[in-house]
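Each in C-alpha cells, the structures are laid out below.
The same subunit A turns up in both complexes below, where it pairs with subunit B and then with subunit C.
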Partner chain A sequence: MKKAIHFILSALALLFLFPVIETFFLSFYSNGGFTLKAWRELFFDCFIFYPMFWNSVLYSSVITAGSLFIIVPGAFGLIMVKKKISKWIFFLYLVLMMMPLQVTLLPNYIGLRDLHLLDTGMCIILPMLFSVFGTVLMHQYMENMEISQIEAARLETNSVFRVLLHIVMPQMKSCIYAVSFFTFIESYNMLEQPMLFLKNKRLQNLTVFIADADQYTGDILFPASVIFIVPVLLFYLLLHESLQQNVCKLTGGCL
Partner chain B sequence: MQKKILIVTTVLFFAVVCFFTIFARRIKEAGLPHVYAEALRLRTFTIENTEPGHVGERFRQKCYAVPEKLAKKKEFYILVQGEKNGEEVLFVKKIVFTPGSMEKGAYPVLSGDYNGEPVVMKSDRRLRDGEEVVVVGTT
Partner chain C sequence: MSVNRKLRWEQKCIFCILPGFLGTAVFALIPFFRMIYYAFVRSQFRREFVFFRNFIRVWENDYFRLALKNSIFLLLRDVPVLMLTAVTLSILLHFFFKKDAWVKAAFILPMVIPTAGIVPVWKTIFGDLTGTLPVDLLFLWKNIGICMILMTAALEKIPDSVYDAAKTDGAGFIKTQLFITIPMTAPALFFGTLLSVMNSYKIFKESFLYYGTSYPPDYAYTLQYYMNNHFLKLDYQSLAASSIYNTLLSLLLILTGLRLTKKFQYTE
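What follows is the complex of A and B.
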C-alpha cells in the first residue's frame, strides 16, 4: 500500500515537473535536433533581455528585503497590542488579503500617478513593500511565540527595537525565511503591475519579456524561461530546510 | 557542503549573466561585418541620351557620383535602419544600378533604387543582402 502511494505521488511529482523539464529540453531543440541556436539568439541578439532580467532581480530583492522591515514590526505590533483595535486591524488585513489583485490595481495606479511615480522603479517597489500576506503569516507564527521571554526582556530594556532584534527575530528565523521566499516569488512573478505602471521597456521585468516573447525574433522563449526559473530555484534550494521547518510548524505536520 | 555548492552555483550563475550583460554586445559586434559608409554626393554629369530619336545627344544632369570600384560591380550596399528585438540596428540592402560614363574619376548613377542613403564603401568581409552590420566610420 505504502509503495503504491509512493508510486502515485512520484508520478504526480513528475507530472508537475514535466513542463519545467520540457522547457529545458526545448531550449536546446530546433529543426529536429540538438542546437544552441535559441541560446545564441537570446544572449547575442536580444539585448533587451538583460535589463529586464536585472530589473526582476533588483525589484524582487529590494521588495523582499524592504518588506521584512515592515512585516516583522507590523506583525509584532499586532501581537503585542492587546487591544480590540489590533484585532480589527488584523481583520482588515485578512479582508485585504482576500481581495484579488485586479481590485487593488486601479487605486494603486491612481495613487502612484498622483505621486508622479509612474514609469519609475519605485512604482513597482513601493506598493509591494506592504505585503499583507507576509504580515498575516508572520502574525500567525508569532501567536506561538514565547511571550514570557519578551516579558523578561522588557524588565531589562525599554527599547522595543532591542526586544524585537534580540528576542523576537531569533525565534522568527524560519518564518522570516518563509516570508522572504514567498515575497520574493510574488514580486519575481508579478506581471500586471509592470505592464500597467511602466511604459519604458527597459524598466519592465522578465515576466513581461516572457509574456511578450512573440514580439521578438528567434526561439528565445524557452531559454529565457530557463533563466527565469534559475534564481527562484536557487533561492528555494538555499532556504528549503528553513522553509520546510516553518511549514511543518504552521501546519502541525511534517513534510 | 551542500550549501557551499549552492552558494558557488548562485554566484556563478549571476556572474555568467553579468558577463553576458557587459560583453554580449561586443561579442556580437565582433562577429558582424565592419563597414565604412558614406553617402554619395550629387554632381553634374554630361549624360549621353540613349532614347530612340535622340541617340547621341548630350545634356547636363545632376546624378549621384559613384566611385570606380563600385561602378564596375554595378551594385552596392546601402545602410538601412531597422528595428530588431526592440533595438535600432543597421542592415545592408543591395542596390543594382546602371552607371553612366566616367567623369572626373566617378560614374553617375543613371538608374537604381537609390535616394542618397549611406553606401558601404569598404567592408572587412563579403556582404549579404539584409545582413546586420556595424559601421566603423566613413572613408
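What follows is the complex of A and C.
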C-alpha cells in the first residue's frame, strides 16, 4: 500500500516537472534530431527579442530593488504606529492585494494618464513599485520581531534609518529574500500592463513577445522560453527553503 | 525617554508609512474614485449624470454576460478540483513521505515558472484539443503549489498525540483525516480556497497566452477578455461600469472568505 502511494506520488511529481523539462528538450529538437537551429534563429535573426528580453530584466530588477525601499519602512511603520489607522491601512492593503487585475487595471490606467506617464517605461514600473503584496508579507513577518531589541537601540539613537539598518534588516533577511523573489516573478510575468499601457513595441517585455508568437516562426519560441525560465529557476533553487517558510508566515497572519 | 522624544519617534514612523500609502493613493485609490465618476456620466465629452444607464448597458451586453458566466463556471469547476487535489496530495505527503523533499518541490515549482515560458510547450502538448481543459490544467498546475504550502504548514501544527489518541480509540486512517485533519486545518482550507478563487479570476494571462488572441472561442471568453477589448476601444464608461461590477463581486468574495477563515480559527 505504502509503496503504491509512493509510486503514484513520484509519478505525479514527474508529470508536474514534465512541461519544464519538455521545454528544454524541444529547444534542441527539430525534425527528429538534435539541432541548434532554433537557438541560432533566435540569437541571429530575431532582433526584437533582445530589447524585449532586456526590458523584462530591467523592469523587474528596478521594481524589485526599488520596492524594498517602500516595503521595509512601510511595514515597519505600520507595526510601530500603534493606532487604529495602521490597522485600517493594513486591512486596505490586504484587500487590495487580493483584488484581481480586472479591478485595479482601469484605476492604474487613469492615474497614469493623468500624470502623463502612459507609453513610457515608468507606467510599468511605478504602479508595481507600490504594489501592496510585499508590505503585507513583510508586516506579517515583523509581527514576531524582537521589540526589546528595538527599544534597546532607541536608547542609543533616535534615527529610524539606523534602527532599520542595524536592527530590523538583519532580522528580516530571509523575509527580504522571499519578498524580493515574489516581486521579481510577479513583475517578470507582467502581461496586461505592458500590453495596455504601452504602444511602443520596443518598450514591451518578453511576455508580450510570446503572446505575439504567431508573428514569428514557431521554432524560436522554445529557446525563448528557456531563456525566460532559467533566471527564475536559478533563484528558486537557491531560495526555495526560505520561500516556503515565508509563505506560511504570510498566511499565518491572515488566518 | 522624554515625552518629546517619544512623540518625534512616532512621527518618524508615520513618515515611514507615507511613501507606500501615497503611491497606493495616487495609482489606485484616487483613480478608483474617478472611475466611479466615469461610470455615472454619459461620455468623456458629455459629462452629464446618467444614473445607472452605463451599468444597465453593460449588464445587457451579450459578451459581458457570456464573460461573467464563463468566469463563474471556471471558478466553480476549477477551484473544488484544485482544493481536493491539493488536500489529498498534502495529506499523503505529510503522513507517508516526509523525507522526499523533491516531490514537494516538484509540486511547488510551477508556481514560480513565468506563464509565458510554459505556454509554448503547453500548446504543443495539447495541440488542437478544443474545450477548456488545457487552461483548466494550466490553472491546476500553477496553483497547486501555494495550496500545498498552506496545507502542509497547517498539518505540521497538529500534534501527533491527537492522532495517537484517536488510533487507540480504534479510528482508521480515513476517519482520522475526516474528523481530525479537516476540522483542524479549516482556516488554511478557507484561506487556500479564497486565494484560489481570486487566482481563478486572474487566469486571463494563461488563457490569453494560450489562445494568443483577443477573441478566443466562446467557451474561453472570460471577464478579463471583455475588459481588455474595451480597453482597446477606450470606452471608459463600459470599462468603469464593468470594473465596478468586478469590484463588488471581488469584495464580496474576499470579505466572506476572510470572515470564514477567522471564524474557523482553531484555538487551543
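Just so it is clear, the second predicted complex is superposed on the first by the 226 of 255 C-alpha atoms of A that agree within 3 Å, B and C clash if a C-alpha of one lies under 4 Å from a C-alpha of the other, contacts with A are read in each partner's own complex, and residues count from 1 in each chain.
Rule of thumb we're sticking to: a contact is a pair of C-beta atoms (placed from the backbone, for glycine too) under 8 Å apart; a residue touches a chain by one contact, two chains touch by 3 or more.
Not measured: the values here are computed from a predicted model.
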When subunit B and subunit C are modelled together on subunit A, clash or fit
fit
Classify the contacts of A:Ala152 with the two partner chains as first (subunit B alone), second (subunit C alone), both, or neither.
neither
Is A:Lys201 touching anything from subunit B or subunit C once the two structures are fitted on A? First, second, both or neither.
first
According to the stated criteria, A:Leu234 is in contact with first (subunit B), second (subunit C), both, or neither; which is it?
first
If we overlay the two complexes on their shared chain A, which of subunit B and subunit C does A:Phe130 touch? Say first, second, both or neither.
second
For the combined three-chain view, what is the angle at the C-alpha centre of subunit A formed with the C-alpha centres of subunit B and subunit C, to the nearest 10°?
110
Identify the partner contact of A:Val95: answer first if only subunit B is touched, second if only subunit C is, both if each is, neither if none is.
second
With both structures placed on chain A, which of the two partners, subunit B or subunit C, ends up touching more residues of subunit A?
C
Please give the nearest C-alpha separation between subunit B and subunit C in the three-chain superposition, to the whole Å.
17
Per the touch rule above, subunit C residues touching subunit A in the complex are 1, 5, 8-10, 12-21, 23-24, 26-32, 34-35, 38, 89, 92-93, 96-97, 100, 102-103, 105-110, 112-122, 124-125, 141, 144, 146, 149-150, 153, 187-188, 191, 194-195, 198, 201-202, 204-205, 208-209, 212, 223-224, 227-228, 231-232, 239-240, 242-243, 246-247, 250-251, 254-255, 258, 261-262, 265
Can you list the residues on subunit A that touch subunit C in the complex?
2, 5-6, 9-10, 12-14, 16-17, 19-20, 22-23, 26, 69-71, 73-74, 76-78, 80-81, 86, 89, 92-96, 98-112, 114-115, 126-127, 129-130, 132, 135, 154-155, 158, 160, 181, 185, 188-189, 191-192, 195-196, 206-207, 209-214, 221-222, 224-226, 228-229, 232-233, 236, 240, 244, 247-248, 251-252, 254-255
Residue numbers on subunit A that touch subunit B, as the complex places them
43-48, 50, 53-54, 57, 201, 215-217, 227, 230-231, 234, 237-238
Give every residue of subunit B touching subunit A within the complex, in rising order.
3, 6-7, 9-10, 13-14, 17, 20-21, 24-25, 27-28, 31, 84-87
